[in-house]
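Two complexes follow with chain A in common, the first pairing it with chain B and the second with chain C.
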Partner chain A sequence: MGEATSNCTQSVLEWMATEEYKEKNFARQALVVNPARTCQPFGAMLCALGIDGCLPFVHGSQGCAAYFRSCLTRHVREPVPLVSDSMTEDAAVFGGQANLIEGLKNAYATYKPAIMAIFSSCMAEVIGDDMKSFIGNARNQEAIPADFPIAFANTPSFTGSHITGFDNMLKGFLQSLADPRQGKWTNGRLYVVPGFDLYPANLREYRRLVTSMGIYMTMLPDPTEALDSPHTGEYKMYQPGTPMGELADALNASGFIFMQKYSTVGTRKFVENVQKITSEAVTMPIGIRNTDAFLMTLHEMTGKSIPAELEAERGRAVDAAIDAHQYIHGKRFAMYGDPDLLLGLVGFLLDMGGVPAHIVCSNGNEPFRKEMEALLASSPFGAHGKVYNGKDLWHLRSLLLTDPVDMLIGDSHGKQIAKDADIPMARIGYYLPDRVHLHRQPIVGYQGAINLITMIANIFIDEYDRNCPEERFEILR
Partner chain B sequence: MFVTLSKLELKDNCPLEDKGAPKLCMKALPGEGAERSCAFDGARVVLMPVTDAAHLVHGPIACAGNSWDNRGAKSSGPELFRRGLTTDLVEMDIVYGGENKLTQAIIEVANKHKPKAVFVYATCVSALIGDDLEAACQKAQPHVSVPVIPVNAPGFMGDKNIGNRISGEVLFRHVIGTAEPEKTYKPAINFIGEYNIAGDLWGIQPSLDALGIHLQACISGDARFDDLRTAHRAQLNILVCSKSLTNLAKQMERKWGIPYIEGSFYGIHDTSHTLRAIARAFDDPGLMKRAEAHICEQEAKIRQIIEPYQKRLAGKRAVLFTGGVKTWSMVTTLKELGIEVLAGGTQNSTPEDFLRMKALMDPSAEIIEDTSAAGFLTLIEEKRPDLIVAGGKIKYTAHKTRTPFLDINHGRNLPYAGYQGMVTFAQAVSRTVFSPVWELMRQPFPPVGGEQA
Partner chain C sequence: MVEEVLSVYPEKARKLRAKHIVVKEEGSTCAIKANIKCVPGLMTARGCAYAGAKGVVWGPLKDMIHLSHGPVGCGYYSWGGRRNLTKGVVGVESFTPMQFTSDFSESDIVYGGDKKLEKVLREARELFPSVQGFSICSECPVGLIGDDIESVAKKMMKELDVPIVPVRCEGFRGISQSLGHHIANDAVRDHLLGKRERDDAGPYDISLIGDYNIGGDAWASKKILEEMGLRVRNVWTGDGTVEGMMAAHQVKLNLIHCYRSMNYICRHMEETYGIPWLEFNFFGPTKIKESIRKIAAQFDETIQRKGEEVIAKYEPLMRKVIDEYRPRLEGKRVMLYVGGLRPRHTIGAYEDLGMEVIGTGYEFAHKDDYDRTFPQMNNETIIYDDATEHELGEFIHRMRPDLVGSGIKEKYVFEKAGFPFRQMHSWDYSGPYHGYDGFPIFARDMDMAINSPTRTLAKAPWKKEKEVR
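Moving on to the complex of A and B:
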């Protein structure tokens, strides 16, 4: 090795920073480089972890399940229960029924769950396994008791992404385990659906905000404890989640509020159109304006008023925004993530005078593009923003190098391209294995707004301190 | 189209009857858990550390989307291997086949990312829909100037170990011996199965330099493709870490007459032992003398440095659960720090590794039979160890039981190999065992004698 190789690499890297390369890069058709999304079963697993006593069960090959577990474990630093029925070549030929039945039997006997959620990996989907009949056969063969609760969902990895999987599994829970609606009777509870959200602190924040308004609520699903359980000296495989009774009673809800739109599309249709339950979907309440809208929606849905303590909290968030506005105003941002996260973030940045430039959404669709473009058009700070659906981090890298920004916002997978572009990065979103406890700080609600302002402004200030000329280095910032 | 598994000498490795022996059978028990990864993952473990190659995953987003840049195999130069490359098969590809897309993707990768080679990995889905990986690679080959190498180890073939073996086969057939080095060295060795996790290789390199031994190729930690091609010009192979690549060592012996020895660079004893074995294998008195001098000097130096750690750690009791060479080598290494191994177990190791572990452990030490989370918890409850040494997947389960935990698999950030690695290891163990946080957790609440008492 030696000189020749390293020189060659250097020139290639320089070429990769040019407009010419960017064009070639964007013309890419068959190849995805540094993907910014993961697959359906991952989202289904998150959903399943939010039901009390539920064991997530992958119907398919075993490697996927090992990946899901290790990724989530690294993000939340918690043990994650998950089993797979380990389909191998023979299952590919003869179908996965034998694996599913044996898997149910073993998992039921070994881990004693109160309920299981079965979702498919792509292998089972390619061969066309019929999970519903397999589960029926498992009951007939007494692999599991006849009345043992099981929800299932088809979650092929070759369509959609983790947000689709979350949605499919949630709908699967309602279809498999919720009792039919009893006419006009309601149980007086508002069902709060967080969507694909790997910040347990966000879920706690939703609960705090809703209950402080005096609203009876059920969070569905509620993986808060599974993602952030207290230390008691004892390992519990199952953490408290949405109680089975409240899942069963979901269709008698007085209403549903969805905290994300794009990770709950199918469930929302089912709740609204099929079950005729009052429901609202809000923009993820990131930033002050989005939180205001969320609280107003709660007020309109329930007639409950916003208490003084939340008003005071809002006042503190506004105060924080004013105190720190100069660090964010006019700064250019590139960002990537899930559609709901991006809508919330862009709204927040626009409120702060930040300039969203490149918005890359690997799993974004046309409705998302339209909504985002409308949001950008609503503010003079949005004039430079451009939405890139279906693109990956290597596309984003070209954008960062040819049309530079001041900060990248995204998950830890973006650290390479932020380094290549020599810009600071704010870690927001899913997969943050290289920093501790970010998931333990909310990014939603007024408290979340304060956290985001603090994080982003201080990163800029740190950068300035590290790089500024000696005569500019001082205590005052 | 697939590598014939019988040729990989799986028969040599059929499971032992012993209690707690690693389950090497191809089929994991359905519903038992999700501890073990798949053949695809195993193949990537071996090949991904080839740093200047492109690693293209032919499958749906899941296989690459969940796993790119997820292993701490370090590079001293190229970063190309850390790029997540996939054909991202979607529904229409599943229906109509993804072969053409793959061919196109290979051409795109080769032209735009300038790799030294393109490794192309099959996945469950691409194999199931019948995409001919080799044909797609052959079709792309005339359009690109670097070797395009199919790696046919779809996940459903079985465990990680099978994937390891298949990738050994791939290296043997398509890479090693395909070029001649500009200069030949003697003595020159290869490492097989050293993945440079957290920079382990760089802890070993100083000893090789001191002995005047040339490292022809490290298979595959921090590897450059061109170095791998010339690996057949080494005179000795050192089988480090996972014995899943024994097939490669054996084949290199058969074809190029390169003998192999096994070795470990974890701990003082094993490092010295392996260096001696290398020197002895070359039957060169000068080399043996240099080795002895180096060993003598290093051992004295390192023992002195670790003495304070050893004094504090003596008498502590650990549970060990790992794979590969660490299965047995960590027993010795922990002993060197005065730590007693209460119980040991393995899942991904070979039966030979397992037997060596058993032989090294105190006869009273327990063999971990039930490797499920439930089994672990029972064991921890019974044994109350001061330390658990294992891989990342059970890290947080261990923490929940208030047991100090040290990650020694690929989740770690610290290199433990070689003499210097022993110092790092001693420091890491001490930091873990003596952290005041464990005490914080054991405090009763509300505090005894406090307000509410």
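Moving on to the complex of A and C:
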């Protein structure tokens, strides 16, 4: 039996590596295998964790809350507070109002939040619960004080992805809790919106770069501390985030800068069209040129000059790039992730002379495709790059086996296909539960560029050392 | 203490929660209430029926594709979260490390997902020709929009010629993952069990039930049983196979490890096929020894003799482990809060190391779990059911255990508060903890958690100086 099984296994395995299989694989229309994206409420939770004193609250079945908390906790190795109103069968029949009101009452009394952010799971969306009126009724019934701040957002799991949920919740915060703009008066602060980003180190880097230019800023939302809080021997449920006052004052900002475009589309539209606030969206500043563009945008928006210390830092990043270019130049890469991350990464690889080959974006749309294709066309190294919107990691596996590359870039879920394709992998993005502390190193800004160059070049060098013929094993690399 | 802890809640919540907490007293019987709805708005560790069915019971059955039917999220979150190790080529012989979903979009909600489900199954069968069957694990919207996954399964089973099992495990059903276990067991009963006959059945054939092979646990347990001369025909459902489950009615004894998740199928097999079942505990040498003897007593003298040989073989190794670790762990106090079986099964292993469990409880237990737990506990132990994070935090701060054992959601809450911690769902990415292979790892890990020098770094020296002054 053993022999027959292994022959059969071998032949299936070989067939799975063929062009024929790839065609079949790409022809599928309904099945998704190993998706590189998750659902809206997860992004909403991340957004809510970035507001000072805010308790995230899922309106729906409680299993979602358990899953979101487990998943984010595994990535950042931090506690993640989140409550649910635990809807069950009776709520499916009668609606979730009773659960929401009781949930608000209990959560308010027990966890003493400064504010709550309510977002829906798919159950509540399918039965069509009206959160706005439920919240009003909760106030009328004195489950919570009449003036207790609550933001809410509809985050159906069957449309969009985690980046849409982040966007919807952020817009929900502004719509529910920010006072509408009064005339031309501004508070003189630049609001920096990080987007769906699970590297607290990136957020710290944004703050450092912006403030080093002498710009008064507010990070909105600011989950930096929630995703990376110090160990002091004392657990605090609420970590410092965007202060309530600065959230309330957001629509009097002197401007908004969005560090990601695709995870903040709706919020940006609201800020620009509804509130008429100057806003700019940059490509996620991964790599030197993208960081340059970010700083130039800051300069144009505020008139502040770029200080000498940042120029020196840039110089060090350029030095690192030139020192290590030989390990990355001409190497072919496959990658997957959220649209904003991919645009940043491809820009970075093109800076380095790397060759992006397969770019898989599960939650990419047409504007993303166009932007990515334009980016690829801007460099001779981008000539072979192809964008795959709406595809998953099983599609990517076929690409890796039929048109091999030198390295896979993506989150930990890609480790199996990297192994199948026998190529090294650089772990970048979200979800990284199988390595420690990667989220603690920035991948944005000049420092982030140095980190990425170091990581990718050394992975290649390690790989060579491990696999090279004995006579090629030497101390110099 | 309990009253004080609960006093923060509004009255209704306080009354509800009070029923879930008891302190064991001399001669007291278990008056705890369990398996009741969570209180809305209080942070619970509980999951849902889908988590119990797909995540726990079906997921580790390796040669089937377990389709997360509905929106993308539930499948994503349950993907790889439970360390169910499997042998076999991924995508050919084992699908456990992968994730399959019908990825509902808005139009599927509006028009129903049955047609899409047919297509998904066809595509999966074509792309994964070696698959031995499918389970369709439904997520919340599937039940709410009234899809008929049963009839799709029936139709497609004929077309695709493999077992296709509809599992109605929508997350809103029931009050925790527990109902999902039951639903999953019923689906196994209705669609797989008894459907295949093996011609090599033997007198020592057994099934190992409710060991999900977390970090290789099932392999460690299997090793002992095989050394005793028993033939483990199937593990339900750690590294398990469809064939093994279909022919499971032919075994002579069912050994059940996680009673909570799989007792239903054991009872069914007893009633229908007359197969006896036995609960056992392979955590720590004392309980392993007891269990080996209990299991061997079900068989003849050959097995009993071999059972004693196994005990004799490993006793010195276990003695060595205890001699090494006990001096550093003696008298340390532990508080547990886990699911399934661990809140009671691991107590013996702690006691082997000289440690004492002073508080324990379950996320999703029923009354019968607490009936089994009470006799294991010392007087004055606090027992909490579906503890909220507030309660657990308060109990731990007041009782100051030396070690907390709970899940990933609790881990960093208590680590940040300065308590040594081990994840007792996933063994903190270590393991196995079962069997003789597991105990040395268990002992090392508990010692590491409690005695790691990193625990002494929390206070900055200048802060310490200030305190002294």
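By our rule, the second predicted complex is superposed on the first by the 470 of 477 C-alpha atoms of A that agree within 3 Å, B and C clash if a C-alpha of one lies under 4 Å from a C-alpha of the other, contacts with A are read in each partner's own complex, and residues count from 1 in each chain.
Basically, contacts are C-beta pairs under 8 Å (C-beta built on N, C-alpha and C of every residue); 3 or more make two chains touch, one makes a residue touch a chain.
As the structure is a prediction and not an experimental result, all values here were calculated from the model.
Look at chain A after the overlay: chain B and chain C clash there.
In the superposition on chain A, A:P41 makes contact with both chain B and chain C.
In the superposition on chain A, A:T159 contacts both chain B and chain C. Using the contact criterion defined above for the overlaid structures, shared-chain residue A:R69 touches chain B and also reaches chain C. Of the two partner chains placed around the shared chain by superposition, chain B is the only one that A:V58 touches, whereas chain C remains out of contact. In the superposition on chain A, no contact is made by A:G95 with either chain B or chain C. Overlaid on A, the two complexes show chain B and chain C touching the same residues of chain A, namely 5, 8-9, 12, 21, 24-25, 28-35, 37-39, 41-42, 57, 60-71, 73-74, 77-79, 81-89, 91-92, 99-100, 102-108, 110-111, 121-123, 126-127, 156-159, 161, 229, 231-235, 394, 413, 416. If you check the complex, the residues on chain B that touch chain A are 26-41, 52, 56, 60-70, 77-79, 82-91, 93-94, 101-105, 108-109, 112-114, 124-125, 128-129, 155-158, 224, 226-227, 372-374, 377, 392-397, 399-402, 411, 441-442.
Contact residues of chain C toward chain A in the complex are 8-10, 12-13, 37-51, 70-81, 88-93, 97-106, 108-109, 116, 119-120, 123-124, 126-127, 129-130, 139-141, 143-145, 171-175, 177, 388-390, 393, 407-409, 411-418, 458-459. Chain A meets chain C in the complex at residues 5, 8-9, 12-13, 16, 21, 24-25, 28-35, 37-39, 41-42, 57, 60-71, 73-74, 77-89, 91-92, 99-100, 102-111, 121-123, 126-127, 156-159, 161, 229, 231-235, 394, 413, 416, 420. Across the complex, chain A meets chain B through its residues 1, 5-6, 8-9, 12, 21, 24-25, 28-35, 37-42, 57-58, 60-71, 73-74, 77-79, 81-89, 91-92, 99-100, 102-108, 110-111, 121-123, 126-127, 156-159, 161, 229, 231-237, 394, 413, 416.
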